[in-house]
Amino acid sequence: MEGRGVSGLEEFRRFRERMNERILEADNLELKRFFALDGRVYDEGALPASTKELMGLTASMVLRCDDCVAYHLIRCKEEGASDEQLFEAFSVALVVGGSIVIPHLRRAVAFLDELNAEESPS
Amino acid sequence: MEGRGVSGLEEFRRFRERMNERILEADNLELKRFFALDGRVYDEGALPASTKELMGLTASMVLRCDDCVAYHLIRCKEEGASDEQLFEAFSVALVVGGSIVIPHLRRAVAFLDELNAEESPS
Amino acid sequence: MEGRGVSGLEEFRRFRERMNERILEADNLELKRFFALDGRVYDEGALPASTKELMGLTASMVLRCDDCVAYHLIRCKEEGASDEQLFEAFSVALVVGGSIVIPHLRRAVAFLDELNAEESPS
Amino acid sequence: MEGRGVSGLEEFRRFRERMNERILEADNLELKRFFALDGRVYDEGALPASTKELMGLTASMVLRCDDCVAYHLIRCKEEGASDEQLFEAFSVALVVGGSIVIPHLRRAVAFLDELNAEESPS
Amino acid sequence: MEGRGVSGLEEFRRFRERMNERILEADNLELKRFFALDGRVYDEGALPASTKELMGLTASMVLRCDDCVAYHLIRCKEEGASDEQLFEAFSVALVVGGSIVIPHLRRAVAFLDELNAEESPS
Amino acid sequence: MEGRGVSGLEEFRRFRERMNERILEADNLELKRFFALDGRVYDEGALPASTKELMGLTASMVLRCDDCVAYHLIRCKEEGASDEQLFEAFSVALVVGGSIVIPHLRRAVAFLDELNAEESPS
């Protein structure tokens, strides 16, 4: 329900990585193919990767998927998105998805603050 | 996944309040306007505030947003809703939204029990 | 995509009634029980039927179910809801559910206008 | 809003087929891969194709996608599902997804009746 | 269920415009404010309007709102998006939202073809 | 956000059971009837219980309800489903529901691993 804190950030990454490996080890070709496709679809193309990641962020937010939001926030920052740009993405998601997005917005901003703190430790 | 307990109730309020402040401090006019609108829409009007809060509760429950449910439960009780009335709202939400609402119903009832315990400490 | 017009209103009622009969004739006890429960849950209780119908309307709107919205609009009007009250319910649904509710709001208002026209033919 | 009638059934098939071709002609590898994956995932495996189609039908119904329901009804019947079995799938979907599934259930049953009529013309 | 054809495109615009006017005439301040906010949130800012419209398109598609998709397709083209870019947005939406997006993708592509035909009449 | 661990599995069961009792004790007939119906709909019928549980699992997964997924995983295993079959159900759910299902898939697989560990303690 609350922000994960910096240790939570690390835990999120570890659980995510461990379970992705576990799933890809299972002998199921369709799951493997879906995961591959999920990676490729955000690659640079006619649209820049930075735009695609912002689209993924907005889609994740209106669908209210905290882990997806967290992942795309990491990727958006890697692609150079500023906080101001991310807040504009949040505002689009909020207007499209309504007030039920707010709890996810709170967690997204807390997560973003953690990412920023990790980047520039005082 | 579980009831928050009385300390969890306090934590919910603190995180909510802290992040709302954080978000409103960000320099984004649309977010501010949405938050203002989200407050005003439940104000007394042609419909009493108590009815609007019950509508907000039911909408939150069928959309399966635990934090929204918790918030509207607090507000419904402030507007004088009885437990019997809240359970009728739950039953409408359950029939409209189906069995996937049940885990949220469990958490809503646990949260309501905490609110009631807080009100009348033994 | 558009308003149904008065003939559309009649068509909606006929298709709804015909298919409900068809479904209840099928030899499936769980479907019958669900339909019975769906009727009873809006009955007068600790909450008045008028409030429950407004809750059903709001829930249907945030879940974006045009036929459910149409049905609850009919019922809300039977329970005495004014247009001003219905528009307040719409505004709660819009804020909770976001701009994706707007196309359903347009159809709901067109349907309400048809209901009102049917009531007071010039 | 209503049943499609036998001509509607034909129209559904033609539009579906025409647009699928149009989409696969577009030079977008990810769309092509998704469509391929969408076909393969229902193939006979550790679970029989008939079970997978029933799972696809139920998932489509709780997600309230009329066209997906129509497609899986066609496939379920090809895999030998009886009307009684399909109605049991409907009842699971109705309990899981709630009363907002009902309008889709009405259209699904109307579509099923059309499929059955097409099969055994009087 | 099918593409709207050029006349359908015109009908979509007319119904949309007529009902928006009807709603804004109603004496409900919250609805008016929401509509105003819904307009402003896509304005040029730290992110270009073209990016925001692509985000709106993707969000509309994963939320499976045909009218919202149609509106954002019109706006994306006004902001200069190419078909290739729009298909990349479709592919992101398809991977994020899954196969239940496909019927909406079919209608989106049919609508895009109509928009393109309108632009360059043979 | 993470796997529950074996103690978490126990906690899930206890909270679930305690709150179900609490809800059924409340004097609300509609809630009781819904819970009864929710139990009966998965009973052996024209479709075997094992198939219905797989349908419930897939529906829960595309609707992204972790607790529902956990419950149906327990029931699927009681009905004899193999891991290979469960992974095929996962792959159908992933293709139908898209990448937003992935975080729930990770938690489902972690939960399944816990169930398997509980069964065959080393």
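For reference, chains read A, B, C, D, E and F in written order, and residue numbers begin at 1 within each chain.
By definition in this document, a contact is a pair of C-beta atoms (placed from the backbone, for glycine too) under 8 Å apart; a residue touches a chain by one contact, two chains touch by 3 or more.
Because the structure is a prediction, the values reported are computed rather than measured.
With angles rounded to a multiple of 5, the C-alpha fit of chain C against chain D returns 120 degrees of rotation.
When every chain is reduced to the mean of its CA atoms, the largest separation from chain B belongs to D. Comparing the CA-atom centres of all chains against that of chain E, the greatest distance is found for F.
Taking the mean of the C-alpha atoms as each chain's centre, chain A and chain B sit 26 Å apart. Chain A and chain E have centres, each the mean of its CA atoms, that are 24 Å apart. One simple way to say how far apart two chains are is to compare their mean CA positions; for chain E and chain F this gives 37 Å.
Counting partners per residue, chain C has 30, 34, 37-38, 41, 60, 62-63, 68, 84, 87-88, 91, 94-97, 99-100 as the residues that reach two or more other chains.
Chain C contributes residues 29-30, 33-34, 37, 40-41 to its touches with chain F in the complex.
If you check the complex, the residues on chain E that touch chain D are 1-3, 64, 83-84, 87-88, 90-91, 94-95, 99-100, 102-103, 105-107, 109-110, 113. On the chain B side of its complex with chain C, the touching residues are 37-38, 41-42, 45-47, 51-52, 54-56, 58-60, 62-63, 68, 82, 84-85, 87-89, 91-93, 95-97.
Against chain D, the residues of chain C that register as touching in their complex are 4, 8, 11-12, 15-16, 19-20, 22-23, 26-28, 30-31, 34, 38, 60, 63, 65-68. Interface residues of chain E facing chain F in the complex, by the touch rule stated above, are 62, 94-101.
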